[in-house]
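Note that chain A is present in both complexes that follow, paired respectively with chain B and with chain C.
On to the complex of A and B.
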């Protein structure tokens, strides 16, 4: 049976891997390549490399970083996120070494381009990132570039409900980086029940992970900061998640050239 | 032992860099090219792929590779299709309408049973009695697709399960297709890639 996934997230700002707190405070961690190698060696199910300052500056994807990461020869599926402006950027990311791409700002600016990306790469290669929060009982979608919250647009809901992209990464942006703070209320954001969801932001303890992974709609959880606080964090989480359908902890020997 | 040279077909829509790195890491010489003369100098062809079937066939035609790949396959050259590259071996696909494939293995590419996607790690089950594929029976591989190659039973070598059982590996003589991504399936994928290269090359 298909397993639910633990996605390791490496957040990059100004070329450096950072811990991110609530989309507003950042602490340096080091070279992104080192964190990616750790997650690969620890057996993450997927690795997401997200460059959070590319769309705000309209400078496009960080192909140099993606190339450096790809050259490591990692054997774990790689999701690239950051600055993707169109289908050509997405295709170039895959050609360099990404297996999938994730878009956020483009969903605000040009949903048609996201649909085109799904046609070119296959919808399975495209993920929609949706930073969300609950305000006065309503789930609102943030444009992080300008700090504005609004309901999910009908175009984005249609993209996901009709399968033009494969999965929605629902980010609890207000609680991101804060242990045990993920708000499950953001999962009720108006998408159809059959849209596969990845939960992200403040998911740190295994009880919360189990609760999320036991929901039918959730196919994966993404973890960022909390994988950086100890060695073999992926295996440690997986060993604790023995009663939910995730791939068992995997220990391997990796020799990088 | 002879050091094998692998020809990775570059037609613009594949994840050829990831495939190159995985095979290079196993110690093989690799050539990524769309030039038939360069691909002819290799021991085995690998056709990677990420994308939609029509876009990929369009690119194969644009790179003038369709006839070359058919001739190479029919001439007995070992040939492995990965993910979309496996689907391209089929006669036709129903993704975004009906599109003719390379037509090297009977069968057609149809939507994933029940619709939706098959994304993530799943175990592969050996089907039939071809010993080449027995070694990796039960290993978990990384999948990322929404269509499957519905090949006749006699060509199936691996299956996987969700609510139903469906083919994820095919073989017809020198031709092999894998629906998953061994290049991104960690140790299990490396083991399978080595098995395929060593098992298919004379």
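On to the complex of A and C.
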């Protein structure tokens, strides 16, 4: 049974797709729509469009961008993340074209609103993003807007353990964008064993991917920067992941009318 | 991209956050292009060249009658240096490929002939029929204000099509423009050619089939030559395009001067920039196309050249400002050739150009009369002295003194 996924991440800042390094350094890449369409053609299992400057400025989701992406008519499930302030923002994102939404800042500000989102859209449509790092042996949760680290709050742990959202995106924020740097220790962040996890941040080599995907709790690997360096980067990863249950590599052939 | 966002300027070079390729300015006010350029003085390029040798080695053809790689060339950019590296330093047997852009200058044809003779290489030239090229040019001018789309599309797709057809998987390009201009990638990322980058930046977001519309006269038979090979075909041959700039300390001025001295490359003066080595093969790139760049994006090639020279330490920011303020307002001098080629009147072309004026940059002060909202500051430097100190050499005019316009067929043009 094919049940694990490779998620392509498109990070957007100031309207541009960017490479992101450790939540602090950025390099421009291009138009988000073009990156999304490319990941769709390459056969990514899911695409996450994350707009990282929406919550800090409290300007809400980038509905214009989401609308442009929706009009591409892609076949890959789309996760939208960025600036979602409440259940209505989440519902509007789905109305425009997202299949699922991912929240981060809202988990700090109002976990109840995240639970409400799960009731409104169904828990399967909501993902909790948790930027984590290991400091002195303890896994700490970062509020990226103010750069503060703290243990995961009991409310958020309860939200995830009770299944109010479908999956937790565990982000090694310190190592994000740096090849082969993902720290598996962040996976032990205090969540129940049955919470499905997506691992993200510095995962670039296939051995590490295999090791992670063979864990029961991990349902997906998310990759961002490393998909922009080579042609067919998604297919190359998938070919190397032949012994884990991911969808096989697909090389597109266009049929012109 | 985000037109409402406040414009930020790099404190080291002259680029702003409105760069057409995207630009990130960090907390210290330095742009991503300048940051990545710093790597050029930090990296061990001797070691990186050894990496390059290891990458290309498996691609050496076992049959001497086959080619080791494909090298896209023109008569006006870094081609002499690229072929020098590929053939004389790496010892590869390249198949050169070039695309006939129709706006060819006599000097560009001369340089291309010089290239294939001096380096003794086989060359393939792609000629797409002129009727389709003119049809596409009309459409791209109208759609997104580009007269150069067919040239860019042809130059970037023909080498890839050739790699698939000839089953020669390795394509070797010069520098990655996204890395060089805006620091899109670190040298260490060793970025390779992708269809995504081509569409996003070379083709301004529009692949060939995106140009077709029910409301236009352009047809599939006009654009099919510009279609990128399918993923399945690329994968079957194992096509891979690498950039020498990841492994060699890329310095176009120094490289061109070397090629002038050792292999007879020739540069020319332009009306709109102080640089003399790039795009001498084209009447439009540094001219009318460059004017359109200013209309759409608020900067032109002289800013690209000035930023490059600042980063290489040969030009101060103030000196660069003097050069940019002088050159970017110079009118195109080869515009009439284009109007005659396309069959468009001066007023008609002006109308199309004005449709693409960026309202964040231009104000219509009277009907059909536009002024820059913020003109470039020339500063106090003496432009002529700054330019003389840079010493970009020219060797011949674009038309080589012949008075010849576009050379549509370059085959056999004498040296």
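Everything below uses one rule, namely that the second predicted complex is superposed on the first by the 251 of 257 C-alpha atoms of A that agree within 3 Å, B and C clash if a C-alpha of one lies under 4 Å from a C-alpha of the other, contacts with A are read in each partner's own complex, and residues count from 1 in each chain.
To be clear about the criterion, a contact is a pair of C-beta atoms (placed from the backbone, for glycine too) under 8 Å apart; a residue touches a chain by one contact, two chains touch by 3 or more.
Here the structure is a predicted model, which is why all the values come from computation and not from measurement.
Enquirer: Taking chain A as the common reference, can chain B and chain C both be placed on it without clashing, or not? Answer clash or fit.
Expert: fit
Enquirer: After lining up the shared chain so the two structures overlap, which partner does A:154 touch, if you call chain B first and chain C second: first, second, both or neither?
Expert: A:154: touches no partner chain.
Enquirer: Is A:180 touching anything from chain B or chain C once the two structures are fitted on A? First, second, both or neither.
Expert: A:180: touches no partner chain.
Enquirer: Under the stated touch criterion, which partner chain does A:230 make contact with: chain B (first), chain C (second), both, or neither?
Expert: Second partner only, chain C.
Enquirer: For A:56, select first, second, both or neither according to whether it touches chain B, chain C, the two together, or no partner.
Expert: neither
Enquirer: Centred on chain A, what angle do chain B and chain C make, from Cα centres, as a multiple of 10°?
Expert: Once the two structures are overlaid, it is 110 degrees.
Enquirer: Between chain B and chain C, which one contacts more residues of chain A in the superposed model?
Expert: When the residues of chain A touched by each partner are counted, B comes out ahead.
Enquirer: So, A:38: does it touch chain B (first), chain C (second), both, or neither?
Expert: In the superposition, A:38 touches chain C alone.
Enquirer: Aligned on chain A, what is the least Cα gap between chain B and chain C? Give it in whole Å.
Expert: 14
Enquirer: Do chain B and chain C land on any of the same chain A residues, and which?
Expert: 252
Enquirer: Using the touch rule from the top, collect the residues of chain C that touch chain A in their complex.
Expert: Touching chain A from chain C are residues 1-2, 5, 17, 21-24, 26, 32, 36, 178, 182-186, 189-197, 199-201, 205, 209, 220, 224, 227, 230-235, 239-241.
Enquirer: Under the definition above, what is the set of chain A residues touching chain B in their complex?
Expert: Interface residues on the chain A side: 1-5, 40, 43, 45, 70-71, 73, 75-78, 91, 94-100, 119-125, 163, 166-167, 194, 196, 219-220, 247, 250, 252, 257.
Enquirer: Per the contact definition, I'd like the list of chain A residues that touch chain C in the complex.
Expert: The contact residues of chain A facing chain C are 13-19, 25-31, 33-35, 38, 41-42, 228-232, 235, 251-254, 256.
Enquirer: Give the list of chain B residues in touch with chain A in this complex.
Expert: Touching chain A: residues 12-18, 21-22, 24-25, 50-52, 55, 84, 96, 116-123, 140, 142-146, 160-162, 181, 183-187, 189-190 of chain B.
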